[in-house]
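Same chain, two partners: chain A is paired with chain B first, then with chain C.
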Partner chain A sequence: MAGHTPPKRLQNYYQITGFISSGTYGRVYRAKGIKGNEGRTFAIKKFKPDKEGEPTYTGISQSATREMALCAELSHTNVIQHVETYLQDKTIYMVFGYAEHDLLQIVHHHSQLAQPRKPVPGATVRSILYQLLKGCDYLHKSWVMHRDLKPANIMVTSAGQVMIGDLGLARVFREPLVPLYTGDKVVVTIWYRAPELILGGRHYTPAVDLWAVGCIFAELVSLRPIFKGEEAKMDSKKNVPFQKSQMQKIVEVLGFPGEGQWPLLKSYPEHKELGTLYGAARPPRPMGLRTWWANQMKINNYPGNDSPGDQGLSLLEQLLDYNPETRLTAEQALKHKFFDVMRDGEGPGARDCFEGCSIEYPKRKISQEEYSQSLPGTKRSGLPDDSLRPPSKRLRDGF
Partner chain B sequence: MGDSGTLFSPSALLCNEDEVFLSEEYSGEAKTCMDLEYLCFVSENEDEYIKSLVQRESAIDFGSKSCVSSSCDCSSTSQSWLKGARLDAIEWIFNTREIFGFQFHTAYVCVTYFDRFLSKRYIDDEKVWTIRLLSVACLSLAAKMEECKAPALSEYRMEEINFKSKMIKKMELLVMKTLDWKLGSITPFAYLHYFINKFCGESRPKGLVSRAVELIVAITREINLMDHRPSAIAAAAVLVAIDDQFTKKELELKMSVISLWGSLENEHVFSCYNIMQNIEMGKVKTPKSVVSPKLLSSMHSSSIDVIENSSSTISAGTKRRLTFTNSDRTCPVKRSHRA
Partner chain C sequence: MGGNRNGAFQYQDFESPVLFASTLKLEGSKPFRISLISDPDMAANFWTSSHHKQLLDQEEVDVVHPLDKERGITLDDFKLIKMHMANYIWKLAQFVKVRQRVVATAVAYMRRVYTRKSMTEYDPRLVAPTCLYLASKAEESTVQARLLVFYLKKLYADEKHRYEIKDILEMEMKILEALNYYLVVFHPYRALSQLLQDAGLNDISMTQLTWGLVNDTYKMDLILVHAPHLIALACLYIASVLREKDTTAWFEELRIDMNVVKNISMEILDFYENHRMITDDRIIAALSKLKP
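Right after this comes the complex of A and B.
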């Protein structure tokens, strides 16, 4: 029977080697494998112990519960590899495969660090996108929507394997749909938010992920977010405001959506906001995605023989389609001509986005300081961070 | 439904009919665009969706045997207390579902966690409080997985015993671990729309959905949910709701339009059909649950305030379902008096 075997302890299999990041959920550490896991590196997400005393305390947080449940059932090359979950000393640890890079870092390397400015090679962009769409396709076929795709959540290993990470907001669809705002926190990053959500659509469909993929594609090419709006904050009564600035940014490139293209447009609760987007002033002439694309090719010095080309533009146009019904699905996008060279996963770069790439991307920064702060014995208030050390008293598993 | 009316009164289920109908897949009358949008999505790939659900069922070990089931041979005397405790737990789960306005689906998911847990771990004799703690933890986990917003742990109330939040959380973790962190759950409700379409097409008898829902809820008391696939339970419920006097031949004929599973699973449908048939005829052997009268009476008074006629709920339902704010939790319910 389960429960009669002595519990497996995290520190017998992993050794923490650094601190990666922290967030509302808790902290992420880098660890190296020991005892059978030698030579492999892992990321360990440690969930924050919560404030048990509060009357509103809900136990394990909703997002942690869902992330663990989803990770336990998903497995794909292009989705972050969930190795195992530990429950020990009242804390949850999720062990994931480790990736040295993420798309945010890669974009940052090109926009800030590399001088003179060089674009992300066309072949790399294509491979990243291909792998990202493969991961999306898998998630959607498993009836899971990610709902928070953005460069920081797309991991890349040093072997060029692209993996979708952070399933904290992911959701199985066809089950109750979660509103954008849970409690008083805005949960989806605004720059990658699909127009149907901005216009008040309350149903998530997988199409919201494909809009985000379009935005990420554009960002890989232009090295900055294509629609970098300013987030309107909630008022004191927690009314959710219309995200005017974000909508403006989209309209400035794509032009206003029309019913011809998007027949259901007028049924979205906030569609009237489109009429007052610029107040009494005359709306600016939209740039058009083609012009935007041509400008980016120029600004970033894309060489003729290694640019995402016209096929890239065509794919982007179909991903940044206002109408969620006609926007490409992940499966359709993978069949786009842009990916013909991938030959259904057998072509160059189908599995390695750095294939033929001469750029050395810097590895993820691992902070030893942050880590040392949370080392056993250097306890910060409220967070019992000594739990990665062999415990002095063995807590019973269960009750 | 006779005796079991005490537990889940038919009129309480009326409200559930709109709930079921108006949840995403059933919003047949939907007028707003969002529903249209969603409906198109549903109809386009329902077959594919249903197939993937059936596949996932196998991954969650549905169909495996364990010892809590009333149909199980190994229910020795030492297990009989567990049987009673399970019935009480189900009673509490469905009552609490009503108080919070959770979907039936959520309560059902909770019972599957409960049964899966007990199929993997023993609970020492007569420790009724552990069963109670297990029910709270399972319901809380199910709410987190399936509802938009989960109540605070301190909001879960039990007669006689109220657990500290810390305690419930600890149990939540143990449940997750025991279930191998696999909390994705499939319930018969997901299949109702599909089977109703397959078995009756356009000519739907009145009250079909509420009958089927009622039967699904009722069968949770009779079987260990791990013993039958949710799809088989759903198919049986729809069939009984259409006609509870089908012969085996007629059932086989009905089932022949379904190509989801093999003949082995058809046997499961027949066995569920029989159990539900007995429920219909009031022949079930499972004793009426030992509910404390105090609990029931307090439930009465609290739910009577929210009584209003259910037709208004039906018309207002679409929006309610879609916005799903906190107020949705107080699903208006009419509760009949105890039999």
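Right after this comes the complex of A and C.
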């Protein structure tokens, strides 16, 4: 009888071989397959239980529910492959395909390890962007926004396949039952956060993911985050402050947003805060994205024959567009001239970002210890869901 | 069980268009080529979804679990309890103020659970509120378990309905497993709005009638058996016959198998016909077989 078959146990099919990372959601382990899965490596995400019902009983977190719900429906070359889910000892385990690298490591390899410093090859950058946008386009066409794109969440296999990972903050944006802002007040790690979020936009769109893609692109080229602001922490009442430092970093490169470029600018709740940047003791003196780009090409010794070139700059300008309505969509970005050589997925590097690349990237470091130091920029600043929602507010929003 | 006096359940006050099969004439007509109405819904789209892969035949749904059979639960009882629990979820949802889509998802979860698990082991009085709890999370409008427990106690004073937060959280795990961790459910509502608009029937009266009909389909197992857009079409078909709207040409243009739509319509009408015979006593009797 179905109800009486003993449930499958994770440890009968997988053997943990190391610890990869940890976050607000829980921990990720590396595992090798046993019993029918021999020879394959997996990443197993173990979710932390939810606080409700403490101390004795715990529930399933919103983050786990989300990731379970979405991963079961999604399937794309450029989105992390979800293998199966286990529930045992009151804990959710999600099994994913494993990737040897991620973009954070690749950037780190170039900025810290390789001497003399060499840039990420132009062809590699192009292929990574192309595959990343393909995954993004698929998610958005499935009405899913990721909301936490950053180098640490972009996986790369040793075969050069780029995959978007960590859908713990992702959500469906079609006909939300409550405003997106009500669900999670803070989304996207600060350095990759789009200006409409910084200015307090309530009904943001998938364009927030494209801003993050722009930031990732810039980071691949410059080997450091383009807008490396400092996060203003929440006060004791959990009010979310204006992220002044982050906005300032953006303005220093792109200049102040204006209504000409962004007609709805003044409708954002925090747009007045921009004034505090003007009035600062040292008001930012914007350098412009073109100058920034030219500097990066120089600093990182991009060779003339293998640089992301003018088309790369043009794409970046359209991704880092202040106005979310005119910012390129993933679909539009894929049609940009920068990707002409990809010939709709048939060209060189369309599926393998290491094609023709002579650099040997070190494989992911796996620690045998659980509490290893995490790399900077890997922490998500998201809040536990619902922690900010007073029940009365939720009832009203409930329709 | 509290019964009527506690306001535990009264079918009369459940929002439902009052319909009688006799008012309708459903004639057979020539089949049309099946074509797929594209209805990209929540994540990804219906045709590639876990929902589509999990659709069952009616015969597979109408299986009483051996453990329940041992307790004397008949197929009628089984259906009755599921209907009662669908109403229960709906009632509870009104207290905690979540939208219809959350209710619909919760009812779909509950019905899916009982295609795999027994009511003996998975008491519907706990499964129902837990499904609402889980659905509220999956539909991104989380209701806190303690709020549910509070209203549970308000709705039912008797001890068979008395559950605490820990019970809900424990049952949630069991339900997740019973659902094979598939949480995305597609519903007829979106297709319905699109279809009404397309047919030029999106006036208030037709919208209300068809919407109410769709709500009522959750008292049956249709969501486990048929694609959501077909359920929507069946409701639209019934409503157009009732309100004497000529939709023949419009249905023809859709190029769907009209026999399927008419069969679903007949099922719905049969349900309304039988619904009139359902008394609270029958439900109490069915439920009491679970926990004497």
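The rule is short, and it goes like this: the second predicted complex is superposed on the first by the 335 of 399 C-alpha atoms of A that agree within 3 Å, B and C clash if a C-alpha of one lies under 4 Å from a C-alpha of the other, contacts with A are read in each partner's own complex, and residues count from 1 in each chain.
The rule we apply is simple: a contact is a pair of C-beta atoms (placed from the backbone, for glycine too) under 8 Å apart; a residue touches a chain by one contact, two chains touch by 3 or more.
Keep in mind the model is a prediction, meaning the values are calculated, not measured.
Undergrad: Going by the contact rule set out at the top, does A:E325 touch chain B (first), chain C (second), both, or neither?
TA: In the superposition, A:E325 contacts chain B only.
Undergrad: Between chain B (first) and chain C (second), which does A:G275 come into contact with in this model arrangement: first, second, both, or neither?
TA: In the superposition, A:G275 contacts neither chain B nor chain C.
Undergrad: Could you say whether A:R202 touches chain B, chain C, both of them, or neither, answering first, second, both or neither?
TA: So A:R202 only meets chain B here.
Undergrad: Quick one: classify A:S267 as touching chain B (first), chain C (second), both or neither.
TA: In the superposition, A:S267 touches chain B alone.
Undergrad: Is A:L70 contacted by the first partner chain B, the second partner chain C, both or neither?
TA: The answer is both, since A:L70 touches chain B and chain C.
Undergrad: Both chain B and chain C contact which residues of chain A?
TA: The answer is residues 1-3, 52-53, 56-60, 62, 65-66, 68-70, 72-73, 85, 87, 90, 92, 141-143, 172, 174-178, 397-399 of chain A.
Undergrad: Where on chain C does chain A make contact in their complex?
TA: Listed in rising order, the residues are 40-45, 48-50, 65-67, 96-99, 101-102, 116-118, 121, 134, 137-147, 165-166, 169-170, 172-173, 176-177, 181-184, 190.
Undergrad: Which bits of chain B are touching chain A when the two form their complex?
TA: Against chain A, chain B makes touches at 23-25, 32-34, 36-38, 40-42, 49, 52, 59, 103, 105, 120-122, 140-141, 144-154, 165-166, 168-174, 176-178, 180-184, 190, 322-324.
Undergrad: Looking at the complex, which residues from chain A come into contact with chain B?
TA: 1-3, 52-53, 55-60, 62, 65-66, 68-73, 85, 87, 90, 92, 141-143, 172, 174-179, 182, 201-203, 205, 264, 267-268, 324-325, 397-399
Undergrad: Would you tell me which residues of chain A are touching chain C in their complex?
TA: 1-3, 7, 52-53, 56-60, 62, 65-66, 68-70, 72-75, 85, 87, 90, 92, 141-144, 171-172, 174-178, 183, 385-386, 391, 394-395, 397-399
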